[in-house]
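Please find the structures below.
Each of the next two complexes has subunit A plus one other chain: subunit B in the first, subunit C in the second.
For the complex of A and B:
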């Protein structure tokens, strides 16, 4: 493999990893605090992408339209998250996790049908926003500028979440709640309030990443399942509920996919699962995860 | 005390009577139902085998497998490929379907039984998707997204009525097998692992080995369901291995009641017949199913059969005068 081919694959793996991190970080955050695995996280992502498409097509400002559409989609998805948490999930925290999982599974079915009903089964596309339309040259090699934007956004969200979780009072509560929920409640922190806002934040990030993914590939039905399965691989490799783990997991999965697709396109996904199986054998709770109590 | 003996005997007799009636109804059905509803009934019976095999892991072992469709699909593909490409004997193909699923179950299970709870669910899902992707992308060998058509059963089995009897027999056989398994010492170990894994381990029981064994049995029976489905539907497609298909036994089981032996069957029948009915006037079946699941989770905790049995038990206890039920602990809703 020549160095430029290697570099090219590495960079596209990095972009894919950044997108995966955007989606998986919301999933991991929600799981870390609420202990609910939101199966429908990918559907929120898909809905964000479709919303972004419609808003973008409606606004159609050449340079700013996409960014406005992205922001609005993310906010709408946050609101959708608020509705889901308060109307459905909240009643199920006392139940077993299989029922919670099944409830979010039901949401997948509902959201998929809503999308099918509203947008149909066609492939939609959003053109890349300015100033990221063309290619930039990194070390003399061409690279899509939009990929750099996605990588930068992934890093920005990573830094924001790190700041939120490790440098703020809310972050203290989040980490404490992930560790011992009863103790936090005993200290007078309103747990339902915390859960609601964490879920809203997760849904907001899902909507944001869906919108950002829209110019990346096609906006179509099925993009939810594709991403959520890879996100599961990310959080299993990195460790559920761990921010550094999610970052590392996204990087690994992005690279494995990128180089795998060059080696044997049919088996790119298979390589990811092989890595996952190896990690699970050595550390069943993931690289940065903690064993279940 | 003689009373207790009478009650035990009465229970066995009433159980035998219910079974006899059910088998009688099953045998008569092809002569009563229209061809369309016979087809739906056959589908419900195949899916019941699938759901029962899932519930061996979920209800009795306490592990939720979200990749069960992979074994179902592999069973179907094995039969379809052997019949259409190798022109293999039908019965040997069925057997091969079960075997292929069991072997896949052994490999996948080897990795999965190390994990518990939600991690188990994710890993089974991931392996299921992996097998799906392999079937989907390996166009030269499996036909890729075209699937395989023209999977015909031989001779007299092409008649839907005769094939129904084969399905019915397989359903009775696998139900009996699972019933024997969950009421055997092996089944008691599974339930002990579900209720208290640490303590079971302290008793010197190798949890992983028991769980792997149960996983292989479950995969084999899911494979049987798929192997019966392929010649019934005359074709297979990659989406039989997909996670959406894996969700079906999960939904059916929780809908019917995971804590009862027949809950998965009840759930499957409700789902299959509602599905057939809803498709008559709209294509938006998933959204209806999604709302239906939410309603059951919210208003029928324990599932349809679980909820009905609980109501029935309290009703009988209130009417029998003395408060001592057989199990005594009303809070214990696990199957026993």
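For the complex of A and C:
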């Protein structure tokens, strides 16, 4: 394989990995703290994409419109997260996994039907915003500028989350709560408050990534399930609830898929799950994860 | 007291019912002909199915306001397969057993169509296939209870391949990209069969099989470009094709590599200004591809009703209902076997011109269209130029070839 082909494929994988990281980071964060595997995380992402489309189509500002629409979608999704956490999830923390899975799965169906009712089943399309409409030349090779934007945003969110979790007092609480939530509660920190805000943050990031994904491909029903399945692969490989693990997992899944397509396109998706299976056998808690106590 | 009110209530309801029945008395004279429309309102099928239902409803309303078929009203019952094989089988069974439909029209997905076929053939109910176009419906898995009036995967791919070859006669190295299910597999198989017939030393250098509903084609695009093919044939459609097109454009893909895919009106509309001019498309009869008087008259009426231009999905579904009407009138009965007999060899004036239902395998000799994406100031979306209308007779699989396949698949006819 010539170096330019390798580079091109690597960059495609990086862009896909960045988008996966955006979605999976929220999933992993909420799981790490709340210990709830939110099946509906992909649906929040999908809703964010549809909201972004509608707002973008309404605002009609050629260059700024998309960014405003993205921000508003993310904020709305944060608010949706607030409603979901306080009305549904809060009642379920004390229940077992089966109830939580059922409830979040029910959310998938509800959100899918809401989207179907509001937007119909058509595929919608958001134009790429300026200045990311064309291609940039990296080492003389064309590369879609928007993909670079997605990669940059993925990095920015990774740095922000790292700062939040490892460099702030809230981060100390988050990590402590992930480790031993009774102890944190005993220290007088209001756990319900913490859970709500972590879930809102997760939903905000989901909405943001959905909005950013809108000009990437098409906005359509089904994008929720598609992304959540790959996100599960990401967090299983990297380790549930681990930020560096999610980053590494996204990178691996993106690259395995991209080079899989190059060599054996019919098996590209299968490769991802083969890697996942190997990780599950050797290190069931993921590369950066910790075994459950 | 209570029961008195109730009885009085019942009497009133009865009187009202009788009155309503009296007013619309004509409709009650004879049992209506029930048509079960089974479509997929999910995924890439959703928009296509919505268009099809619009076409069907228009035809049904026209027929009923003109006195129905054999003096009987046509009643429409719509069901959703959700693009799933199991849901489709359940719904079609329900249409047949509970709704007691006389005929079926649909579905969208080729995979679902093959599953439905098993069920309704068992109950001896005829289905008109106007969208799902796998050749298996009429060839490999032939049953007399299917009539196909959409160009099948073989016809569509053969005609498209010839068009591509005519425009790029020197191309020898090809790549394909198609959704990984029945339809995509069939189209690309027919493409490689035909291109090797036209260009004996042709080579397929790369085959990409993204899953239906894929949103990120970046890796596929760079992989295709790395193989440096002379041309690319694709059976991506709907939302998948929209996503592919938008992602490929920044790479300069369409300037570098001749590309052909299912650029129908829906995709062109969704892409708007992003539709790449000069790229080749194939489709099944959107209004602008066949501007004959009958089509244009239909287009005007469709626009008045729905506010949009009719795409090939509406056109074909509309044709399907009228084909059924003509066959029932020819048979003078709704008995399935008689209607099938009437259809065999029957010629029919459709919106897409005249075609014949081949008696052997119930495949209509419907036309296939190819062209090149171009701007037209008359429309708010891009359309095609250099349009080629390939009559079905030129690309339909020869009868001997069909019989050959039947020998292998065990169809006796």
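Criterion: the second predicted complex is superposed on the first by the 293 of 293 C-alpha atoms of A that agree within 3 Å, B and C clash if a C-alpha of one lies under 4 Å from a C-alpha of the other, contacts with A are read in each partner's own complex, and residues count from 1 in each chain.
Methods note: a contact is a pair of C-beta atoms (placed from the backbone, for glycine too) under 8 Å apart; a residue touches a chain by one contact, two chains touch by 3 or more.
This is a predicted model, so every value here is computed, not measured.
Peer 1: Please work out whether A:95 is in contact with subunit B alone, subunit C alone, both, or neither, and reply first, second, both or neither.
Peer 2: So A:95 only meets subunit B here.
Peer 1: For A:37, is the partner it touches subunit B (first), subunit C (second), both, or none of the two (neither)?
Peer 2: After superposition on chain A, A:37 lies in contact with subunit B alone.
Peer 1: According to the stated criteria, A:266 is in contact with first (subunit B), second (subunit C), both, or neither; which is it?
Peer 2: The answer is both, since A:266 touches subunit B and subunit C.
Peer 1: When the two structures are overlaid on chain A, which partner does A:122 contact: first (subunit B), second (subunit C), both, or neither?
Peer 2: In the superposed model, A:122 contacts subunit C only, not subunit B.
Peer 1: Touch check for A:201: first (subunit B), second (subunit C), both, or neither?
Peer 2: neither
Peer 1: In the overlay, answer first, second, both or neither for which of subunit B and subunit C A:103 touches.
Peer 2: In the superposed model, A:103 contacts subunit B only, not subunit C.
Peer 1: Which holds for A:233: it touches subunit B only (first), subunit C only (second), both, or neither?
Peer 2: First partner only.
Peer 1: Once the two structures are fitted together, what part of subunit A is touched by subunit B and by subunit C alike?
Peer 2: Residues 116, 266, 269 of subunit A touch both subunit B and subunit C.
Peer 1: Give every residue of subunit A touching subunit B within the complex, in rising order.
Peer 2: Interface residues on the subunit A side: 37, 88, 91-92, 95, 97-99, 101-103, 105-110, 112-114, 116-117, 225, 229, 232-233, 235-236, 240, 266-267, 269-270, 273, 276-277, 280-281, 284-285, 292.
Peer 1: Taking the touch rule as given, give the residues of subunit A at its contact with subunit C in the complex, in rising order.
Peer 2: So the residues of subunit A in touch with subunit C come to 1, 5, 8-9, 11-13, 15-16, 19, 116, 120-125, 127-128, 133-135, 142-147, 213, 215-218, 220-223, 226, 257-258, 261-262, 265-266, 268-269.
Peer 1: Of all residues in subunit B, which touch subunit A in the complex?
Peer 2: Subunit B residues touching subunit A: 58, 64, 111, 114-119, 121-123, 125-127, 129-130, 133-134, 137-138, 243-244, 247, 250-251, 254, 258, 284, 286-287, 289-291, 293-294, 297-298, 301.
Peer 1: Which positions of subunit C touch subunit A when the two form their complex?
Peer 2: 41-47, 50, 180, 206-209, 211, 213-223, 225-226, 238-240, 242-243, 246-247, 250-252, 270-272, 274
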